[in-house]
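Look at the two complexes coming up: subunit A is in both, with subunit B in one and subunit C in the other.
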Partner chain A sequence: MTTPLLSIEDLTVALPGGGDRRHAISNVTLRLNRGEVLCIVGESGSGKSITASAVMGLLPGDQLKVTGGQIRFDGRNLLDLDENAMRRIRGDRIAMIFQEPMTSLNPVMTVGRQIEEVLETHDVPAAERPAKVLELARAVDLPDPEEIVKRYPFGLSGGQRQRVMIAMALALEPDILIADEPTTALDVTTQAQILDLIRNLQRARGMGVLFITHDFGVVADIADRVAVMQQGRLVEEGPIEQVLVRPSHPYTQKLIAAVPRFRTARPEAVPEGPLLRVKDLTKIYRSRRGFGAMRETRAVDAVSFEIARGETLGLVGESGSGKSTIGQCILRLASIDGGEVLFDGKNVGTLQGHDLLAYRGRAQMVFQDPFASLNPRHRVGRSIMAGPLAHGVPRAEAERRMNALLERVGLDAGAASRFPHEFSGGQRQRIGIARALAVQPDLLVADEAVSALDVSVQAQVLDLLREIRRELDLAMLFITHDLRVASQICDRVVVLHQGKIVEQGVVTDVFGHPEQPYTQSLIAAVPGRSWHGDQREPETSNI
Partner chain B sequence: MMRIVLAVALRLLKAAAVVLAIVLLNFVLIRLAPGDPASVIAGQAGAADEQFMAQLREQFGLDQPLYIQAYTYVSGILQGDLGYSYRQAMPVSDLILERLPATLLLTGTAFVLALVAGVAMGAAAGLNAGKATDFIVSVVSLIFYATPLFWIGLMAILLFSVTLDWLPAYGMVSTGSRATGWARAADIAWHLVLPAVTLGLFYTAVYARMTRASILEVRDMDFVRTARAKGLRRGPLIRRHILRNALLPIVTLAGIQAGQLVGGAILTETVFAWPGIGRLAFDALVQRDYQVLLGVFLITSVMVVVFNMITDLVYRLVDPRIGATA
Partner chain C sequence: MNPSLRRFLTDPKAVIGLTILIVTLAAALLAPVLFPRDPWQMVSRPFLPPFQDARYWLGTDMLGRDILAGIAYGAQMSLIVGVASTAAALILGILVGAFAGYNGGWIDDALMRGTEFFQTIPTFVFALLMVAILAPSITSIIIAICVVSWPPVARLVRSEFATLRSREFVKAARVLGESNSRIIFTQILPNTLSPVIAMSSLMVASAILTEAAISFLGLGDPNRMSWGYMIGASRTVIRQAWWMSFFPGLVILLVVLALNLVGETLNDALNPRLSRKGRQ
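After this line comes the complex of A and B, so read on.
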């Protein structure tokens, strides 16, 4: 057996005191071979990113300390190296790319200079650097390399920034590339391109890649071997075929079962008579560039659709498709610039005063970020009751409703007197749902309501939304970028691209037999497609 | 290029409108004070019978409606005429020009001192957060921040002039000194130490606190982690990535302080008997010398507007994101 490129042995990292567990990771043992992609997969808090940071020596030293184990690379234990020796390895022998391309580059330095910095700090002669920077920009398929290296990060798209990150990481042909959720913040089509790029460069250069992700679809597309982590421990490790198809550990089985899949069973027919009718809805954002002409951006361009009671309509699209803006226009959180939104026959766009207040009592929203959408200084009970009280519901009745709702969304009654920070992301999203339901709406707009959640939690929240929609006979507008999630919960979907509707219809028709090239490209880009094909359709998702 | 010229032109136009509004506002505000200039002059002359007052009013145009007086004043300003101080028997513009260099020397020194010392202290604290340096800087800057300026001035005089006799306590040059050239410059510098330090301390503390907070924020940002992952040495990491970004908010603050270069030294100039604009304004106020007061108001407001513009331009230079979207 050959020596592995990198071997992590019994690595243990302590958490600062007072937490709910003593170790961020404990006794993790992993091997990465040359020319191999090892995926570490797990939910938030599993310790996967900490493992990666420990290899790079980038743990925040005042909070997390390695208390045991070894990280062997190139015949040495990286944990024994002093800061200067470790610095020489970073960026040269082991390189790393991160999740957030928008914030991972210095905003006041040109991207070319940032790539050059890697060469400079590892003593590449100044004369060779400019040519090398251009060569790298070309290697990661950046358009117009000569021009783009002179730009600042704000002038690049998310995908392009991630390419710059990859160019920096590959500058000195490292032995190991550590990629920490590098595609999580990107649109699916961009994600597919970046995954391709990483895979191709890895093959061409024979690097070992340590790829951190929460997404089993991505794992299926890129990994040779998979390690599954849960709460700081390694629970299963093996070749991709084995872990994905015949997972042995119950946690892995549970995680894989929770991964949303495209469903094939056609949803039940939807009752007639729309509750919400959107006709030629248009939203225009205007901005002035210097003294040039006013620039108009049609964020939403003549979009029409209907939703009936008891129906879930999905709005799917990439960032900039206008899907969230549509949700905001429907709830009058944004003004309407053209077309009309008819709710129960009434024009939402012209509602004023009491009528608008009454409308808000019938149409509610569940927001994406469960951390930011609850007032951190209000107790949960107060947040939930605020809506009904504003609509004139007596306090006793509001309290009764709040308690019933907390129970309905699966939280104990004591939750009302606690603050949002005392809850997990999934629990907070349940609170968000209870808050929206407290005014007893007829229409629920869920804007990326499960996107920030781990898959297992995601599945539970989706189940909850599905049940509630049925019990209360709600009309639901479900906005998401994730086609698999949309497929799980929606009856019909509208596919949006740059503010316009590309295609709409029954979810299984649109995703099963997409007619438009754009829809086809979206579906082709969904990670783990081949793997999903192998899987039998789980019974539970046929609702 | 054309766009930048146009942008600057538009800014100038807006600035002119702001200054005009301030001039008119000041003019009206001064007139709201009880008693008109005629009664002041009459009071100083010691004779105040109705006929003399009416004669004065007619002579100075004070019998005209207020808007005509305002028009006369504004058109005078446009021709560089800030009025005449009967009290000092000098044109207001001459009075101001005579006092301006002293004030600019004092406030400019204090500004540079505060900026350099404050940023250096803040950087030392921010980069060593939680260590002794941080603690010392935090305590010192809190003291500077919380203590009133005049009190620091008085205590400094007490300690360094009266007790230790190291530094002169008042004035800009030694009494009776006839030194010229370098000797005179040294004498002025000698006198400058206490007032400049006193005036600068508050902003030193503000810069130090802000720099520290800004560094603490920036050092945990994603791009700093990226820079570390590239294997950067500590020096370039701090200079290019942490400080370069952490100092952006300091530019805004420095612009605010720079705008107060002329008007912000009244207390210090009074305590140290520094012959500057602040003293001029204070005396004018006490003596109800309205023309001088209006002139000082005009100069200070023009300074604020001008430095706001300069700050905006500097921001465009140091932060490439600004201007791309504006």
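After this line comes the complex of A and C, so read on.
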């Protein structure tokens, strides 16, 4: 075997005192060979990003210190290099791309200029730079390169911005590309394109790629080898065929089992008589650009659907499809510009005063971000009781409900007197669910309720939602961008694209035999499809 | 103990600042006990230099009044004006800012244009003018300082409200059916207070300076001893009797410095981004 391109040996990074563990990562040993994609996969807090930052010498030195081990690259230990020597290696020999392409780019500089700046920093002669910038823009498949390099980052889509980041990373033809969750913030079809792009560039240039992700679907699509991390330790490492199909470590097995898959069993028939009817719902956003004419955007365009009690309807679509806006219109967080929302026969759009308050007691919401959706200065008990108290429920009864709900969502009674920051993301989401249920609603709108959670926690919260819907005979509107999650929990789905309904029907029909080309392209872009197929038919050639 | 409070109390800057403020407060409270005689009364020969007579060890002014007693009584004036005008400005600023930020739209526009109107007038000249019109007294000084110092509070609170009102926990409160006033006062306001508290200590400092300047120009409350008045009265004899203006000036400097130290460390201790970084 040849010497590896990069080898991390026994790397240990200490956490400052007072935390729940002493090391951010401990004794991690990894090799990256020329021309291969090594995926480091793990849940939040597993130390995967810290490993990547350590290689780049980007750890915040006052808080995270490397206390042991080596990072060998090109015959040298990167940890021994001073800042100047490290700077020459960064960008030139090892490049990095990040998760959030908007904040990684300078908003007041054209993208062409930003790519050029990388060349300038590493002493490429001025005369050669413009041609090189265009060549790079072409290499990352940016449309109309001559024109796009003159634009500013806000004029580009998320996928295009990530392409610009990749162009900057590739500018000096590095030996190693480190990609830290580069597609997590992108839509699924864009994600598929970026993964393709990284794969192609890696093959064409023979780079080694260190790819950090939490998504086993992405791993299945891009990796040659996989390293699984848990709480700062490397628990399993090996070729992709081995780790994904025959994982040996129990943690890997648990993670892989938790990855949501497309369901094949047809859901039970749904009772008749809708609780909520949405008819031709339209929402228009108006904006004015400079002194120009008013621009109208139809965020939601004549959307109609129904939900019955005891049924979960999924709203799926990419960003900008209007799915969250529909949820907000239904709950009167946004005004309705056309059509109507009928709840139990009453028009929600015109409710006022007492009627609106009564409706608020019957329709509730679970939010996406478990960190932003609880008031950081209110104890959990107070947050849960706020709803019942606003509806005139006596304090003793509100307290009784709160205790019962905390127990129902799997938290101990002591949780009531603690603050939100003392809980993990999954626990906070449970608190959010308890808060919504405290007013005893009939309709629950879950807006990306599990999208911010780790995959194993995601499965638990989905189970909880499913059980609660059954126990309380709720009508549930489940809004998500993740088709696999939708397939897990929904009975019927509505596929949205740019504010319009593309397709709707029973979940297994829509995802199993999509009729519309847009739905087909969405499903084709779901990461790790070949591998999901694997679970049923063990022999596939794709991996 | 609350971690921000602990961070605050273990910072040497905060300890220095708090010590100076506590001494000043004690001087203000104990002035009638320590100096039972009226600070306007003549107690010794005029132009007594400091550190000569153990009874009047900061010396006396041109009318033989005790400088130390003047400083202690002046502390009352400064602290009352500083705290009262800041409290009034905070109440006004928070109400305007919260209402504008929470509602947005034309209400926001109207209130903010009103706020900007007050900001376009040079603050000190405006305050001076108001005291002159209202007749010099401690109440009119407090009102004048309040009127010129609430706009920054309103703008700060408004911008905090404008970002917080679209946060998910506020949406959740709306969906749960909480009333607007409840959302403003129990959900959003507690989350905006950290920067406001930090700002208020600097406002007290600038109120003390403004009061001193007003009194220096002779528009102070004629019945109350004030640091600004002491400096103003002695400016003509500064060559012969430096101590008459030096000691009140030094006290103003120390108190304003202390308030700035406290404000700065409060800001550090209450800033959640910094505190999180420190803990991890």
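Basically, the second predicted complex is superposed on the first by the 535 of 543 C-alpha atoms of A that agree within 3 Å, B and C clash if a C-alpha of one lies under 4 Å from a C-alpha of the other, contacts with A are read in each partner's own complex, and residues count from 1 in each chain.
Methods note: a contact is a pair of C-beta atoms (placed from the backbone, for glycine too) under 8 Å apart; a residue touches a chain by one contact, two chains touch by 3 or more.
Computed from a prediction, not measured in an experiment: that's the story for all the values here.
Looking at the shared chain after the overlay, A:529 reaches neither subunit B nor subunit C.
Contacts of A:16 after superposition on the shared chain: subunit C is touched, whereas subunit B is not. With both structures placed on the common chain, the touch criterion links A:249 to neither subunit B nor subunit C. When the two structures are aligned on the shared chain, A:132 is found in touch with neither subunit B nor subunit C. Within the superposed three-chain model, A:34 lies out of touch with both subunit B and subunit C [touch as defined at top].
Look at A:298: by the touch rule set out above, it reaches neither subunit B nor subunit C. In the superposed pair of complexes, A:500 makes contact with neither subunit B nor subunit C. When the two complexes are laid over each other on chain A, subunit A has no residue in contact with both subunit B and subunit C. Those residues of subunit C lying in contact with subunit A across their complex are 167-169, 171-179, 182, 186-187, 190-191, 277, 279-280. Residue ranges on subunit A touching subunit B, taken from their complex, read 56, 58, 60, 62, 87-92, 95-96, 98, 100, 103-109, 117-118, 121-122, 152, 154-155, 165, 168-169, 287, 289-292. Residues of subunit A that touch subunit C in their complex: 15-16, 18-19, 63, 331, 333, 356-357, 360-361, 363-365, 367-369, 372-378, 383, 386-387, 390-391, 432, 435-436, 439.
Those residues of subunit B that touch subunit A in the complex are listed here as 3, 6-7, 10, 130, 220-223, 225-233, 236, 240-241, 244-245, 248, 318-321, 324-326.
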